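What follows is subunit A paired twice: with subunit B in the first complex and subunit C in the second.
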Partner chain A sequence: MDIMLILCIAFAIVFVLLAPFVGAIISGIDRKVTAKMQGRVGPKILQPIYDVLKLLGKESATVNPAQDFFVLLYLIFVVIAGIIFFSGLDFLLCVLIITLASLFLIIAAYSSRSPFAELGAQREILQVMCYEPMILIMAVGLFMANGAFNIYDLFNAQLPIIVYLPLIFIGFIFVLTIKVRKSPFDISMSHHAHQELVRGVTTEISGRSLAYIEISHWYETVLFLGWVAMFFIFCNPLVSAILCVASVIVVYFLEILIDNNFARVKWQSMLKYSWIVALLFGGVNILVLMVL
Partner chain B sequence: MLDLTALYSISFLIFFPIVVALILLFVKNDKARKYIVGPASAIIIAAALFLSITFLPSTNAQNFYVTIDKSIAELINYICLFIDILLVAYIVFRCIKSKKFFVLILAILQLILVVWFELFVAPSIEVEFNLYIDTLSIIMALIIAIIGCGICVYALGYMHDFAAHSTCKDRSSTFFAIMFAFLGAMFAIVFSNNLSWMFCAWEITTVCSFALIGYTRTQEAVNNSFKALLYNIIGGMCFAIALVWSAYAFGVLELDSFVVTVASLSTEASYLSYIPLMLLAIAGFTKAAQFPFQNWLLGAMVAPTPTSALLHSSTMVKAGVFLLIKLSPCFGFNLSGYFVMLIGGVTFVFAAFCAISQSNSKRVLAYSTVSNLGLIVACCGVGTSAAIWAAIFLLVFHAAAKSLLFLCVGTAEHHIGSRDIEDMDLLFDRMPMLSRFMSIGILGMFIAPFGMLVSKWAALVSFVQTEDIIIIILLVFGSAATFMFWAKLLGKMMASANNFNETLEKSIHNSEWVALCLMVFLTVGLCIAFPLISSGAVVPYVSNIFNEGSDFIGAGMHWFLALLSFVIALIFLAYTPKTKNKKIQPVYMSGIGINSQERSFINSLSGETKATQRNWYMDNIFPEKKTSLAGIIVSIALIFSLGFFAIITTSQVVEDYRVLAVASSAYHENDWKSLEIDQATFVSSYILVNQKYEESPESFDSTYGSSDVNSYFSDTYNKYAQSQTSTASNQTSDTTTTNDSSATNSTSQNPTSNEGGE
Partner chain C sequence: MSGTKKSPWIIHYDGSSCNGCDIEVLAALTPLYDAERFGVINTGNPKHADIFVVTGAINEQNKNVVKQIYDQMLEPKIVVACGACACGGGVYRECYNVSGGVDQVIPVDAYVSGCAIKPESLFDAIVAGVEILEQKRQALKKSNKAKPNISTKDKA
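Here is the complex of A and B:
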């Protein structure tokens, strides 16, 4: 076994074991910062973990066993996507698998047969349709700047890819708001109550399955922040580590700021803005790369 | 020995279905038909398998050509002509009956062109190999045989129910006869190297689809069948003109030598190939229902479901993309390549947008076919080895998954009485096995790790390598729309209220189950066997054409994806919700839930209210009429602008080469006065000189007195110019010098190597 393979496996294991804790703490900090912004004290940093532990111990009651099964599949495929990314493999494959995972969440919502969940599912489909072009353009940009979709090739690069893909990075931050389910784009399963939606996709999900949803959300947060960090990796390990951590902190703080300062938009606006951003920022960046 | 085997197995595959068709024409009894269709299908599948097992090892190394005795070949030429005349006679008959005179005029014009061509032009061109087997034709033959015959078997049960459901006269015997004749014609298309034979089979498929679409003889069916006929006759017309052009300009009537000749033309000479290539591409577009010709395929929905399944998966539309894949080495980075790529890309996006607003499941499937074929066509236009690899896999996976979906929708329609997606609510409860099959088909169409999406991924990579922004943008937005319409269809079907008591599946015919299981097996099996097919057939084929080629995604990744798709397929097929250790609760609906299946609840006034929920169709954002109109306008604009551009460049190049070729041939003949030469002669003289050089660059010098083709032409041109100056006595030697430099300029960018256009 060569050293690359061992490193890949090691990173994958570290991701599977540590990502939920990192994700939970990020989520705890998120709630704390949000509370501070709203002039409240806020819950403990570890509160998300306590919540999930409590959910795991609940009696299993459901509207439909199929729904719980698909929620489990959602969790599994989010983890697989994360493994693919953090072991330095193909970025595009990671994107495709995370799309598969969201499809399982959508099916779970549909299968519950709750009108609210179904509405949430359709909005979730729309969200995928909104962010997919930008994410695919980002993959194309990565391929053009890096010469391959592989993440581990970035560690040999002379310059981080943010140098080549500044506009794509901005566009990605824009759709990241959709992916991490932050306002103004939290239309499919809002943290806050909305009359027409109740709890959207997760309306009928409870107990253990709801805990799985939370855990997948932690994994997803870590994965997406990994995508942010990807823009800042290059051959100097120390500098890129500093840049990665700094960028992740700045970007996530920005997301919290956006979350607290924007009201939810209508889905029509979400579709319009996200596609325009993809076309404009993504398209122009790719065009510049091609000309150069 | 192998030669004879090839000849016999090809002719068996072409003629056996036609013989079966003739027999079926006279079998009116349902039961007797069962005993003919089943065994005949098994025999065709066995023959195709035999052919592929026998020839795959040799075709992976190089194409396998079949020589036919000259007199027999000539006889077949006349038979083809006779069939062409018969087909047009049938069209004329139907046109007069239905008073469609525009189609009639086109058909007759086409016939005149073809008869003139066959009688006066074609005989002068020598065709060395009329038939051939290569890996692509083996893949196509397997698709046609297995999927096509599977659909025929399915039709046994389906047509029985159809006759009971519909009010029209039961003409099942004609229906089955045409289905089998269609298969025979498809085999003829994929194995013909002789372009005029291929054209004949091409026209047979046009007329077969015309007859199948108009099967019910209702006004709508007749109108739609004529629409299909009109578009395909336009395509046939383009094919015929391209045939004449290639015979005149390049002196070839063989598909493979046409491709080789055109692909090896130097950059400037390749301008001459744009018009025939674009005409052939348009012929492919009409068959493959690309924008602006997509309407006929949507109109084809009026026919019984097996027709749609056949047209969409293994025959008609696949003939179009088959031709384009064959031609793809000529495309690449030139005008004709951009033309094909852009039309494909535009089709991919606009068809996907149109599919979003459809609530009729068959129309969703139709638009998705158009969209996916657009992607294949775009890959053909890109014309790199990676793109062709992707195109072939898209074709294979699409054939399996789409036939599965059509068969499922057809069966569901007969049992729930509707093809509307909203009526498929709770299909998971009502038809548990069928909805699982259908979900496998849908997953196979649009989601990783199934083969279709992996091929799309390869297509994306090949598009990135072209460094063309437009096609990448089209691909990413089209993919997003694809997710939208598939996911909401899948979701609607997967809704479940845990009530499996009233299954409607008991009355599904056995023949339908056989076909459905075959398609599921193929859809999943192909995804699992993906790595093997890639390394065993497609990579050798691609590397034969491009002299390069490897696995485009990496073998390890292939196996990972294959395993993953197997697991997911297994989950969907085998998972049954267990209600044992769980407390089942009613769904929350803003009141006390009564019945989750009915979605009824007690409202705040203690009355009962029913909640309703429809899928999103976003009619105001992606209105079908406007979207497809926009697509049609864009694609027509592309066809006309690029076509116009091609005509301009061609005429300019013709002028340039006229001077050169006239000069060179005059030099060769030592006759400076013969300045009038027709187009065919000068192009062929140019190609001749080029070929002579490529055959033996060493001896070129001794024959032509120049070291290579470029200098030969510039030397010749100079001599020609000098002779002109000496004739016109008052011209000075200065002019000669100017002529010199301009001649060198015009020819210096003229690479003589064996490359396609740049």
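Here is the complex of A and C:
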């Protein structure tokens, strides 16, 4: 049991230290691949890091102290959710804490009382409403396939959980587009040049706080790709490692492809499609698991 | 290390003009010229921007708008006046409602000549502008260190 604890702490430390760099590189590759898809040269791979360093050096000016505090809480809770996941602990707790983190971001946006930020916050609430059912169904599916919410139990499994949860995986990929803020579901705030509502949730957030949001986004990207990899873990370490890396690359490339090929939808469509997908794919998968 | 020189985010405002320079600025952001290879992002939000790109002359109507956008931007920041109208009023200089170039309202750091400007000359201005931006950042850093605590000073 002691070895387990040491391993958990080691993985948590590795996550906290490495995830921002990995997330930044992924984000840089994302922008480069996006540029190539649009026939451009595109920025350097390290561009997201330059952006954040610049933001950290800006003059500090905030709308109110509460906003900075909530943005900081957003970062802290994203990191805590990541620690819980990557140290192999409770998946359900990780899901609930990441939702709590996004609630702090929403409160930060509301605290400014700016019309653009408020509209962004309302849309962010809608996004939470859209992806949450599917993510919770995924947690239920994990429990039924794995027998527990703990991630480290997956390493003892005979088969990866993708075998039991293929439909839930497809549904999860669908809502992942909302989670990583990609078109067609980037209605509350988007990256790159395609903007709407000025900058949505982050309209009133600038300088250092905006840098914190970017850093939390890097942590989030790594965490969500970890959720993708979770579906391919089983008792054979080598094969599952290859499957995990391959699945993460394929899924993220798919996200970039979707981002570049779809226009932003209205919130009504987002709500409709994400709930239909959650009920259909998630529900059918859970029912089949119950019968078997 | 600082990313100031490598990540100039711009905000673009068009005053009163024929919109020629306006279209050229947008052309600079398209895949053909690809401003993002210099790290340029068109933000549309003064709070996120480092470079204020103004096209067109300043008139009595948009004076306050330009001033407000400038005031909302955080230091370090620079202003680039694009085209003959933004530099000094251009062909609209003698109009009854035109006050002249952008420098009538806010301090300008780089002037781009041409009617209309070329995207290439806008890039030249931005590349020259980031040097000024870096100098301003270092000056800001120094003054921040030198200042003890403004709020307590003000109260006294």
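Heads up, the rule we're going with is that the second predicted complex is superposed on the first by the 286 of 292 C-alpha atoms of A that agree within 3 Å, B and C clash if a C-alpha of one lies under 4 Å from a C-alpha of the other, contacts with A are read in each partner's own complex, and residues count from 1 in each chain.
The rule is short, and it goes like this: contacts are C-beta pairs under 8 Å (C-beta built on N, C-alpha and C of every residue); 3 or more make two chains touch, one makes a residue touch a chain.
Owing to the predicted nature of the structure, the values given are computational and were not obtained by experimental measurement.
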Next on the checklist: Which partner chains sit in contact with A:A61 here, subunit B, subunit C, both or neither? Use first/second/both/neither.
Outcome noted: both
Checklist entry - Between subunit B (first) and subunit C (second), which, if any, makes contact with A:L100: first, second, both or neither? => result first
Item to check | Which partner, subunit B or subunit C, touches more subunit A residues | outcome: B
Next on the checklist: On the A-aligned overlay, A:L53 touches which partner chain: subunit B = first, subunit C = second, or both, or neither?
Outcome noted: second
Checklist entry - Given the touch rule stated above, what does A:G42 touch, subunit B (first), subunit C (second), both, or neither? => result second
Next on the checklist: Just checking: does A:A121 make contact with subunit B only, subunit C only, both, or neither of them? Give me first, second, both or neither.
Outcome noted: first
Checklist entry - A:E204 contacts which: subunit B (first), subunit C (second), both, neither? => result both
Checklist entry - Should A:L292 be classified as contacting the first partner (subunit B), the second (subunit C), both, or neither? => result neither
Next on the checklist: Looking at A:L17, would you say it contacts subunit B, subunit C, both, or neither? Reply first, second, both or neither.
Outcome noted: neither
Next on the checklist: Between subunit B and subunit C, whom does A:D90 touch in the aligned arrangement: first, second, both, or neither?
Outcome noted: first
Checklist outcome for this item: Dual-contact residues of subunit A (subunit B, subunit C) 59, 61, 198, 203-204
Next on the checklist: For the complex, give me every residue of subunit C touching subunit A.
Outcome noted: 1-4, 6-7, 9, 29, 31, 34, 36-39, 41-45, 47-48, 50, 74-76, 137, 140-141
Next on the checklist: With touch defined as at the start, can you tell me which subunit A residues reach subunit B in the complex?
Outcome noted: 59-66, 68-69, 73, 90, 92-93, 96-97, 99-100, 103, 106-107, 109-116, 118-119, 121-122, 125-126, 128-130, 132-133, 136-137, 139-140, 143-144, 198, 203-204, 268, 271, 275, 278-279, 282-283, 286-287, 290
Checklist entry - For subunit B, which residues count as touching subunit A in their complex? => result 426, 428, 447-449, 453, 457, 460-461, 464, 467-469, 472-473, 475-477, 479-481, 483-484, 487-488, 490-492, 494-498, 557, 568, 571, 575, 577-579, 581-589, 596-597, 599, 611-613, 615-616, 621
Checklist outcome for this item: Per the touch rule, the subunit A residues reaching subunit C in their complex are 31, 35, 38-44, 47, 49-54, 57-59, 61, 192-193, 195, 198-199, 202-207, 210
